[in-house]
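Look for subunit A in each of the two complexes below; its partner is subunit B in the first and subunit C in the second.
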Partner chain A sequence: MSSVELLPALLIAVPILMATVPIVLGLRFDRTGWSVTAITTAGMFAATAYLAADVYATGPVVHVLGGWGEPQGIGIELVADEFSALIALLVAATAAGLLAYTRVGGPRGNTFYAGYLLLTGGLLGLTMTGDVFNMFVFLEIVGLGTYAMISSGDGPESAVAALKYLILGTVGASLYLIGVGFLFMATGALNMVVLGDLVPELMAAEGEPTLLRAAFAFMFVGFALKVAQWPLHTWQPDAYQHAPDGVTPLIAALVSTVSAYALGRVMFTVFGPEFLTATPYLTEIVVTVGAVSVVAGSTLAVIQLDVKRMLAYSSVSQFGLIVAAYGLVTEVALLGAIVHLIGHGMMKAGLFVAAGIVALGYGARTVDQYAGLAGERPVTAAGMAVLLIALVGIPPSIGFIGKWYIAVGAVQAESWLVAGVIFLSTMLTLAYAARLLEKMYFTPASTLESPHAPDAVATDGGDGDADETPAVAGDGGRLADADRRGSPGAVSFGMLAVLVTVAVTAVVLGFAGGAFGDLLKPFVSEVFN
Partner chain B sequence: MAEESVLPLAAVLVSAVAVFLIVASYRYPNVREGWSVLAALVKFGIVASMLPGVMDGTVYEWSLADSLGVEFLAGVDFVLRADPLGMLFAMLASFLWIFTSFYAAGYMRGLDEHAQTRFFASFAASLSTALGIAFAGNLVTIFIFYELLSLVTYPLVAHNEDDEARIAGRKYLAYTFFGGGVFLLAGTVLVYWLTSGVDPAGEGTLAFETGGIELLAEAAAAEPVFAQAAFFLLIAGFGVKAAVMPLHSWLADAMVAPTPVSGLLHAVAVVKSGAFGVARVILEVFGPGLIHDLPLSVPGVGEVGLNVPVAILAAFTLTAASIIALRKDHLKRRLAFSTTAQLSYIVLGLSLLHPYAILGALFHIPAHAFGKLTLFFCAGAVHVETHTDYVSEMAGIGKRMPLTMSAFAIGAAGMAGMPLIAGFVSKFYMLIGSGTVGGGYWIFAAALIVSGVLNIAYLWPVVYTAFFESEERHDAKPLLEFPPGGKRESYVADDGAVATDGGNPADDDDEHAPGGQPRPVDDDEGDTEAKGAGTPLEDETDDEGYEYAVDQYPSDADVPGGHDGHGDHADGHHDHGDHHHGGPPAGGWERRSPFSESTWLMIVPIAVIATGAVTLGVVPDYAVFLELVIYIVESVFGVDSFDELGGLSLAEAMEVIDE
Partner chain C sequence: MIEPDLLTYAYPPLLVFAAALLVLVLPRALGYAAGALSLASVVAVALFAPEGAHLTTTFLGFADIQPFYVDEFTRMVGGGLAFLGTFGVIYAYSSDAPRVMAAFALAYVASALGAAFAGDWLVLVFMWEIMALTSTLLVWHHGGDAVRAGYRYAIAHGIGGSLVLFAVIAQYAVTGSFAMVTEAGETVGMADGLPLLLAVLGIGVNVAFVGFHTWLPDTYPRPHFAASVFLAAFTTKTSAYVLFRAIPDGHLYLAYMGGAMAVYGVIFALLQHDMRALLSYHIQAQLGYMVAGIGIGTAIGVAGAMGHLFNNVLYKSLLFMAVGVVIYRTGENDLYKLGGLWREMPLTAIAFAIGALSITAVPGFSGFISKGMVLDAADPGYYGGPEYQALYWLLFIGAIGTFLSFIKLGYYVFLHGPAEYTVTDATTGQTVAMLSVGGACVVLGLPAIGWPVFADLLPLVDGVTVTEMDTALNPYSAGHLTDAAILIAVSAVGFKLIRKPLSKIDYSDPALIVNPATYYVGRISMLSVTELYAAVDSAVVGFVKRCYWIGNNPAIAADEAARRLPIVDVEERQPADGGRPSRIHLRMSIGTTVLVLTIVLTVILWLLVG
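Now for the complex of A and B:
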């Protein structure tokens, strides 16, 4: 077993084991969490990059845990192929980069960082697992990690949001598990590649594989919940809004993204395009769920007052695009979905970091309070503007590349409804993006005519948990914050550096459409042939 | 022959680099404007340096894949190439930018505008993207720059940061992104899909080919419906910026932008990018041959070419917009509707497909640009010097601004297509074209002529009122609103009850307008300029405290002209810091010489552009544009000399293409 083949296992095991270290060290030292996490995630990022380089140079890397069960395909496998390597890279990079925000912006504490590492390990596991049962295990680890992250805010809203996520997320994972059960009953296998071979055989043998269909239905609904597709999205805006500012980028960029990745993995590696297209109404349903989410998510985003909540609904809409692209079942659309997964994860991470910076340094949380941001905080505003524009899909940006491939896929599939929704999604995204842009750049900052005295809200601007005050989210009581305009000193260079890096990367990757195509070609064409 | 060259990229990037320099030197207005001018000169220099080569048949090409080995999208390259059609637009935009950058400096300082750095930065970025559109070598590349152009011009439209500007900005974004992000992208994807369907390797092609993309012609034979859909989507996408009805309404609202923007961008770069895109689609994506032959069956009419619906829409637009312009009292809005009409000339000429009509249409791009830029510059100069925006307040203004209004007269004559001015040449060719086609196409020739008459009807009154009417005695404007034969008006208060006549210098809020009202003191102007130079942002705080009573549109229709409408005007002007009344001062316009009517920063560009308009009209053969246009038409039709196309009917011309 070469050293590269060890990496998938290490990438999962190390962060989970390291998650205990901050707690243990916490017995003696107060502030070790950040350093331990920084070292671990940096190492993980390097390892992932190395692994990815190997994958793209020589092909998929498979790690059979303990070398057991190889011939039957019932052992536990960890697979880094072209698809999962890219997602793993996103996970590792985001987890490492975000630390630059949490260093100063919080949340702090050793237990928080223990959860942070646990979540990262779970996400990487979910990314690289090669069998459907372990996918459930990692879904649960991710769910618990996310729960811990969200509830690390210290207000009642985060507790409620976390509980909501816990319940709904567990329901989703359970539905998925039921699906796995059906699948196992039908095929007797759990390994994804083996399943991928058995499913077509079973279809040929039975014609109407009821068990398979039931399995897919349960799994799809389970993932629709995890990915936050309308109308199963309700946990997500609360979770994103009420999680501490330092946590939202992580869960917004990664948790739903990796779940959406898992959905793609199940749809294309396990069930395969043949099953998807042969089953009546399957693609129609998937596409409709996605398309409706696009429209509903953007519409809800437009009417939000709170910026983080608006961005959360935007995620519903953007994931709708990805799910719809899955449902098209064409090579190009799948490529587009993968690119958009990466792109959206990155852009959303950047946007939430920006929202955190603004809340911290400018005291603004609602769209109205963003007025005049461009004049006061030019770098933050510019970074946010670039990311919003990229999200709309204006080239050159990663957002455009994903949209282009999905659109081409939709037209190739001659699925005009989806094509229409995709083209119109530009306008829908623009509707909420432009709203923020206009506030930042073309609305002079005004001391809002706030009747409240500054002491009405007891936030301390420098604390990342500032949003957890009991004030009603969105309006009213928050206006007082605007008068004080946050505490610029609380924004560190690292935070701005992360934001600028993400913004620049989003644009630079806009020229990498061909590169993405080349990298993912082996995976995509294998799925379809 | 294609030659690899970095020049097209350099031409695009010059002003993009300037954006950074402009932002970096925001503390030093003179340095900042220096960058603008320098970038404009360098840009024009680069573009002009390619001209001789292009005229000899060289195409300068820069592609991301060839030079850096980066593929923009799978199967789609990012290409910039300087071909004759691109050169036409690039020459025009980069040449006019030189003068506009002087004028913009004069205008912005004269009005002491806020956020000048953002303004100049966005302006430079707009030129960058406009050149990108000109040099784009395929549909994706043009789409990229088309979207970016919408984006970077948005700050210019929303510049004033008041409600009117914000609403106009929203409308602008909505329209232009609907055109770009929805229609144009959809059309591009469709073309890509169609061509990849017939390509043996399965790779689609989007690169422009003179006379039309061959693979697309093949695909259109197999899938005519989708090809038609793609055509109309692309035309609609570009038609939004070309302000073809019913997608025109953003243009008039965008006139809240500072006048240099209205001039260069909303009469030249932005709107022409739409018209230019239409030219690309008709000449180099589908090709006149394919468009003519691809039958569109209309119930009750039979089969017509794809071009006919476009031509009908354009003919309707140019007539309707001219009629609307008659009713506009706000000068810039009147000019905006004139632009709408004139752009449709270009679209109409292109969609007639006849070589002469195409020639005329393409030549109308520079012809209209010179004429309309003159008009806007004049409107802006009048605004800066006298704060007069409404035609009804301009009686006798020729005394105050003799050179400006003379230039306005030249521009107006050009719009109407008077001989010896640029507009005549292009309209002449278009008329020949539509006349030669014959058949039902006579209606388009009629529309051209009717619109020419309407042009006179809405622009001549401005000239007339400036020179031949007096403050005390003039017809109420707009003429159409009042009884036939005109209604006598006077600015001089004829009943003592109304004491608040427009421009009384002792008026309430005059302290807001340090350089605003015309004053006999000469050094007042110098003072204004120095103030603009030194403290660009100083007045901002004052403005914010100021309550504009309403943010309503300056509804033209309900401005009856004369003194009793002044209250409304003041609210509608949104001049930022110059809350004032337009129209002549109490004692009537003072008489000034051409040298003292405004700053040289504005006078010189006006004079130069107006001269250019005349040059294009008198000796078109010696101004490069006509030569370039003829060359384009020759290569589209695949002939060696334009004379071969003389006198051909449309069907014969299409046969020439097919060979």
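Now for the complex of A and C:
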């Protein structure tokens, strides 16, 4: 077994084992969690990059655990192929990069970092697992890590949000497990590749494979909850809003993303396009769930007052787009879904980092409080603006590429519903992004709420240039205003560096549409051959 | 001597965009100089770069993408835009335009050039979206009124841009290629059916079809007056050129839409009293001539439309410049509050006169050549078919209306009464910009010397001969001059007639009637569209909010419903949120979610298995 083949196992085992280290060291030292995590995640990122390079050079890497030898349908297998390597890269990069935020921004403590490593290990496991049962196991590990992360917030609301996710997430995972049970009853296998061969055989043997269809229904509903599709999204806005600012980027960028990846894996590797298209109503259901989520999610985002909550609902809608793209079952749409999965994860991570920076350094949490941000914190505002524009899908940006491929796929499949939904989602995304942009760039700080500042009210925004706003705000003379300026010192260079890197990457990747296509081509064409 | 081949690497949008970044970092004078130089070099590139596709690459996984395509169309459109842009930057420099605005303006110019030089639909749609974005930023940057108008502008162009995007995708689905021109250089055009329909609607927003035009007079009068100069030239003209690429063979309905635009535009222009609003409606009217020429689709029609496009870039911006100087010096937008300014600012008055004489197509000025070509293309007496007889009269009425409104604008701003303001004339830079652009308008229209040069620039025209139809152009023939004389005579008499009934009212100021008429007709037609949209919008949002509220708070909703029934006794609910301002509660409890989950699962199982 060559060293590359060991990597998938190490990538999962090492972070989970390392999760115990901060706790053990915590018996003697106070602040070791961050260093241990930083070293581990940096090593993981390097290993993932090496693994990905190998995958894209020579093809999938398979690691068979426990000496099961050749795939017999029930062995434990870890697979890094073109699809999972890309997601693993996103996971490792986000987990490593976000540490630059948590070092100063918190949360702190050894137990927190133990949970952080556990979550990262679980995510990588979920990404690379090669059989459907272990997918459940990793789904639960990810869930446990996520509950711990969310509840590490200060207020009671965090605890409630974590509890809500705990119960609903477990129900979702259980539904998935029931689906796995049906699948095992029908085929006697758990390995994804083996299942992928057995499902068409079974379809040929029986005209109407009831067990398979039931299995799909349970798995899909389970994932719909995990991916936060409307109306099963209810855990997600609470979880994103009440999780600590340092945690939300990780959860928002990765947990739902990897669940959506798992859904794609189950749909395309296990069940396969043939089953998806041959079963009556199936694609219609998937497309409808996605399309409804797009519309409902973005409508809800438009009416939110809290920025983190708004971004959370935006995730509901963006994942709706991805699920709808899965439902189209064409090569280009699948490619678009994968690109959008990566792009959305990155952009959302950046946006939540920005929201954290603003909350920390400027004290603003609602859309109204963002007024005048551009003048006071130009770098943060610019980073956020770039990411918002990328999220709308204006070229050149990664957001545009994903949407473009999905749109092309929709037109190829002649699914005008999805084409219309993409159009509508762009409009609605523009609506909530523009609302925030207008507040940041064109509304002077705190003119609305300061009763003692007639001068400020007279400023019609016409000449409210950036350099003028601090004076206006200073005249506001309210205690709350002074509080709201926040503490710029709390924002470290590392935080801004992460934000700027993400924003620049989101734009630069906008030129890499062809590269994504080339990287993913082997996977996509194998699914559809 | 630079090899012409080297020019093919000077991708114009990139040059200008680099200049946009330089403006931000360099000292003001140097930055503006870089901007003007970059645009001047684009003029050179447009004139001398060899024909054909350059910088062909692979983009988004599609091979054979041509971002930089040069033929006689792109040469003319790109060159004209860059020429005007050069002087627009000089004008902005001497008009105290902020640097950030100049950077936005240059980025906007860069995207418009990108659209003009695009060799296929994919690049075009890319640039089209960026153009919408940068022009919105240019409007927004002024703040105040412009922010709201800019928001409406963004929404209009968001819708138009998405339609064009889908048109391009549909075109790809039908034809399997993004090609805009064949290898031989012939324009492909949008495929019949869905692509064509979407493209016409989407481009129609940008070229201000009647009914889709509300954004134009709404937005252009509001930003900085130097920004208006740029806005007036780029979006609409680029779009008119793209309209030709989409429909190279024309269409009868399109031609009549052009006629309708010409008449509608001048009527509303005549009713305006904000100077820039008047000019904005004239953009629509002048676009009407281009749309008509493209709609007729014959060689002379298309060549005339492109010539008119080129001229329009020049003189419409010249007019915005002249009016901008008036606003700059007096701070007044309302033409009835001005008067007699020719004594105070003779140079501006001359520039305005050149622009006005060009737009009204007086012989000797460039507008005469191109507008004459479009009219000839429609006139059954020359090259038009009998089905275009009505169109010819529409365009003729448009020409009269143009005369009337420019007599009105010139009369009230520069001639009427004594000067109410004591102001200095335009600054040096403004004068240079205005007279250079004005000079081009005069030179390109001069009998015998100037116009053959202009005709040679036109696509589909070689020397002064329309190659495809094998006929020589002759704008200064006796027939054409008679037509022009009739036009001028009718207009002069018409202006007298309009003024006379107005003077019978107590005050001889037409504002008394025209203002209310403008207010009721113009505003109502414009606002009714926006208000209707807002009403539908708020109704939908209200409906959605209510639905979600009920869906997410079934218990409270049931309470509320029960409370309204006379018999049922309902327990009072205690608000538990500390009396915070009312907001929609969207939290769904865990139990409810599990219930919903069960229902969803049941439905899906029933559909799949049942």
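FYI, the second predicted complex is superposed on the first by the 489 of 529 C-alpha atoms of A that agree within 3 Å, B and C clash if a C-alpha of one lies under 4 Å from a C-alpha of the other, contacts with A are read in each partner's own complex, and residues count from 1 in each chain.
Keep in mind that, in the parts below, a contact is a pair of C-beta atoms (placed from the backbone, for glycine too) under 8 Å apart; a residue touches a chain by one contact, two chains touch by 3 or more.
All values derive from a computational prediction rather than experimental measurement.
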- Item | subunit B versus subunit C as contact partner of A:T111, first or second or both or neither | neither
- Query: In the superposed arrangement, which partner chain does A:K164 touch: subunit B (first), subunit C (second), both, or neither?
  - Reply: second
- Query: Touching A:A407 in the superposition: subunit B (first), subunit C (second), both, neither?
  - Reply: both
- Tell me which partner A:T210 touches in the superposition: subunit B (first), subunit C (second), both or neither. second
- Superposition-derived comparison: subunit B or subunit C, residues of subunit A touched: C
- Mind working out whether A:L300 is in touch with subunit B, subunit C, both or neither, as first, second, both or neither? second
- Message: After overlaying the two complexes on chain A, where does the subunit B footprint on subunit A coincide with the subunit C footprint?
- Response: 389, 394-396, 401, 404, 407-408, 411-412, 419, 423, 426-427, 430, 434, 438, 441-442, 513-514, 517-518
- subunit C residues touching subunit A in their complex are 58-61, 126, 129-130, 133, 140, 142-147, 151, 154, 158-159, 162, 165-166, 169-170, 172-173, 541, 544-545, 548, 551, 583-584, 586-588, 590, 592-594, 596-597, 600-601, 604-605, 607-609
- Query: Okay, in this complex, where on subunit B does subunit A touch?
  - Reply: 64-65, 70-76, 78, 140, 143-144, 147-148, 151, 155, 158, 161, 165-166, 169-170, 173-174, 177-178, 181-182, 185-186, 189-190, 192-193, 540, 544
- Item | Touching residues on subunit A, where the partner in the complex is subunit C | 163-164, 167-168, 171-172, 175, 210, 213-214, 216-218, 220-221, 224-225, 231-232, 234-235, 237-238, 279-282, 285, 296, 299-300, 302-303, 305, 389, 394-396, 401, 404, 407-408, 411-412, 419, 423, 426-427, 430, 434, 438, 441-442, 460-465, 513-514, 517-518
- Item | Interfacial residue positions of subunit A with respect to subunit B in the complex | 335, 389, 392-396, 401, 404-405, 407-408, 411-412, 419, 423-424, 426-427, 430, 434, 438, 441-444, 446, 511-518
